[in-house]
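One chain, chain A, appears in both complexes that follow, with chain B as partner in the first and chain C in the second.
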Partner chain A sequence: MEFDLFLRYGPALLTGFGVTILCWLVGSFGGLVLGFVLACLYRYGPAPLRWVIYAYVEVIRGTPFMIQLFILYYGGPHFGLLLSPIQAGILSFIVYGSPYFSEIFRSGFNAVPHGQVEAARCVGLSEGRILRRIILPQMLVPITAPLTNFFIILTKETAILSVVTVPELLYETQTMAAETFTFVEPFLVLSLFYWLMVIGTSWVGAKAEARVTRHLRKA
Partner chain B sequence: MNFSFDVIWHNLPYMLAAARWTLLISLGGMAISLVWGVFVCAARISSGAVLSRLAALYISFFRGVPLLVQLLLFYYMLPYVGLDLPAIAAAILAVGLCSAAYSAEILRGALQTIPRGQTEAADALGIPTFSLWRRILIPQAIRIGLPSLVNELILLVKVSSLASVVGIGELTRISQNITGETYRPLEIYVAAAVIYFLINLVISLLGRLAEKRLQVA
Partner chain C sequence: MDETPKDQPIIRISGLCKYFDDFEALRDITLDVNRSEVLCLIGPSGSGKSTLLRCLNFLEAYDGGEVYLEGDLIGWRSAREAPRRPLSSEKLRRQRQHIGMVFQQFNLWPHMTALENVAEALMHVKGLSKSEATTKARAALAKVNLSDKEKNYPANLSGGQQQRVAIARAIAMEPSVMLFDEPTSALDPELVGEVLSVMKEMANEGMTMVVVTHEMGFAAHVADRVAFLEEGRLVACSPPSEIFGREPDDPRVRAFLKTYRERNVV
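Now for the complex of A and B:
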């Protein structure tokens, strides 16, 4: 073990960690928002739109992330979509994550008893208000854990961005490994970084879960 | 934009041959995942504190580190400890051991839904632990956990694309090579996506069939 290597490569590794966090946060929150929109369109939209969303969900969930990234990054220029590696990475993250998020939201919608929605319509609440005041507060309870779960899965998918030369954590680590002919030290530190991210995410997830179940404990 | 089907048609035989490696990695990974997953799950819920802690650590590590990193670790670090595996073996092992952590958790979740009374009843009847697991717990756990397990298997097929980084000529790697020769990334990667999608379609159909068969009338 040669730990003085980290003095030399520490800054590069930390920058890589920053890029990883950037791609992860922007990509997964983008996917979260797009997934919510898809789930709402699936619920309230007309039938043809529902089929389109269904096909989108099935196709994206049925193909590897790496292939999607390649289609976007290498295939994009074929139809005039020239993206930098980081842009392609974030965009493909949003595309990849959204169907999973939309499925989680869909299961949340289904968890709220339909009778409550009918009752709310009877007392004259608008659809927007029903969504905000009745469905959302209740559906957040069962879906917070799966959402956290998927955020954690996405932290680790960021490693794949290294194959299209996004200068993220794994990319910097591989550079360090190749330049110094060490493998044990860089990869151990790398694992530690990811583990930290995962622990942090589950901590935030636990806080969020406590927040959305507040009304259940008060009673 | 001009999408050329000729490029796909010419290279399809190579891609299908490469898909066999994808299948080999996925199937090998599945086998390790399911068998080893049962053991990890058994260790996790066993009453031995050390064994249970070890299993928890195993699950935490394999779920907490990206698979791409695990693959590189297996491929580059095992030779350090004198275990020089061929790339394909390292890939199958990495994929299988990682997936086993997930399978173990799926099975643990499924086992928790089986009423404790069944275990107690089996104890009262003097059924040995091995038979209890083989005849009573595992068949039920598999039935309950089947949708999640099928999910995991589909993930495995997609995850096998990561094996391309350690130089295995599976579907993604060969697609990269063909792209390098033809400069037609769009066509080739779309074709690769279709092949992956078809494989997964078959798995999810088989899963649905199995669910139907295992359903209790």
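Now for the complex of A and C:
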């Protein structure tokens, strides 16, 4: 085992880890926000808009992430969309994640008992306030675990960005492996990095779950 | 909303019809509710009692006929249009503030404490400051004897306590009418009394109440009038002494009450 190689490649790997985290955070939260907007439009919007959203969800969920990334990065310039690898990576991450997030939110909407909404209407609360104060806090109870789960899945999907030369963790690791002819050590370290992201995410998820379910604890 | 003269009915229902697809849930209901009156709606399940109640605050959009609260047509812009157009959500919200509602399943917001449940609409509908809303909400909770539970979440309240918080949430808005949709049907028998006694107190204080109930004792002793529905029709509407008398005129009322008599409820 030649772990002293990490003295030379450590900085590159750490930079790669930073790029991975950047793409993951911006891409996931972008997908989360877009997914929420889609779920709201699906719920409150007119029928034609619902069909468009339905089609979008089915198409994006039905195609591999790597293909979407290729189309955006290599196909984009044909439509005047000239993106750097990182820009393409983040944008495709948002597009890829949003339908999954929107489906999680949709199930959350359905989980809130309609009677609570009726009670809110009966005292005259506006639909906007009902969404913010009654529905959203309620739907967080059933959806926090699936949201955490999907954030965890997305940590590892970032590796695909390396195929369009985003200088993220896998890209830097492969460079190191190719230049030094070592394979086991770099990929062990790579796994460690992903694992750190995953346990960090589940820790945050557990905290969030405790927070959104605190009213259910028996006194 | 204009105050109608005190001797006028506060709610006027005329020719009310409601369909669920092909099913005729309400057929040509005409009924007035007077100020400070307690009107109980009874009848077999599926007879349209709850649907009638839910038309009064437009939780169900009725298809034909009219519902007026203090002279205001509920829900629709005009009764004469065809097809009818609903009121703007802003106007409907204003109408609903005058109509309190209590549900069978309480429908408290589980992520808010008892106090927050009551204060929410005071702040965000009536526009009171947080301290004003808190003061009013505490007063409402005191009325239902729950001052000591204001910090509890619904999960830590009994069914009876939850229903009383729900009543407090409605009366805090100072409605001119209160609607109750089987308020004790989801409760354990020993918790029914505490809810009924709060309702009795409200009746004594002159609140106008429309109550869908299977509590024949409450209907017999507290109601001013009892309306009997069957298959979407108003079959009878009379003072309880007539409905619960030994031999009610209408055979359908007789048949319905027979099961209660057999259990010595009335």
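In this text, the second predicted complex is superposed on the first by the 217 of 219 C-alpha atoms of A that agree within 3 Å, B and C clash if a C-alpha of one lies under 4 Å from a C-alpha of the other, contacts with A are read in each partner's own complex, and residues count from 1 in each chain.
Definition applied: a residue touches a chain if its C-beta (ideal position, glycine included) is under 8 Å from a C-beta of that chain, and two chains touch if they have at least 3 such contacts.
What you are looking at is a predicted structure, and each value in this text was computed from that prediction instead of being measured.
In the superposed model, A:W195 lies in contact with chain B only, and not with chain C. Within the superposed three-chain model, A:W51 lies out of touch with both chain B and chain C [touch as defined at top]. After overlaying the two complexes on the shared chain, residue contacts for A:A159 are found with chain B alone; chain C is out of touch.
By the touch criterion defined above, A:V123 lies against chain C but remains apart from chain B after alignment on the C-alpha atoms of chain A. Between chain B and chain C, B touches the greater number of residues of chain A. When both complexes are overlaid on chain A, the residue A:P137 reaches chain C alone and has no touch with chain B. When the shared chain is aligned, no partner comes close enough to touch A:W203: not chain B, not chain C.
In the superposed pair of complexes, A:V59 makes contact with chain B only, with no contact to chain C.
Interface residues of chain A facing chain B in the complex, by the touch rule stated above, are 59, 61-68, 70-71, 74-75, 78-80, 152, 155-160, 162-163, 170, 174, 177, 183-184, 187, 190-191, 194-195, 198-199. Interface residues of chain B facing chain A in the complex, by the touch rule stated above, are 1, 3, 63-69, 72-73, 76-77, 80, 154, 158-159, 161-162, 164-165, 172, 175-176, 179, 185-186, 189-190, 192-193, 196-197, 200-201.
Those residues of chain C whose C-beta lies close enough to touch chain A in the complex are 57, 59, 89, 93-94, 96-97, 99-101, 103, 105, 107-112, 120-121, 124-125, 152-156, 166, 169-170, 173. Residue ranges on chain A touching chain C, taken from their complex, read 113, 115-116, 118-127, 129, 133-134, 137-138, 141, 215-219.
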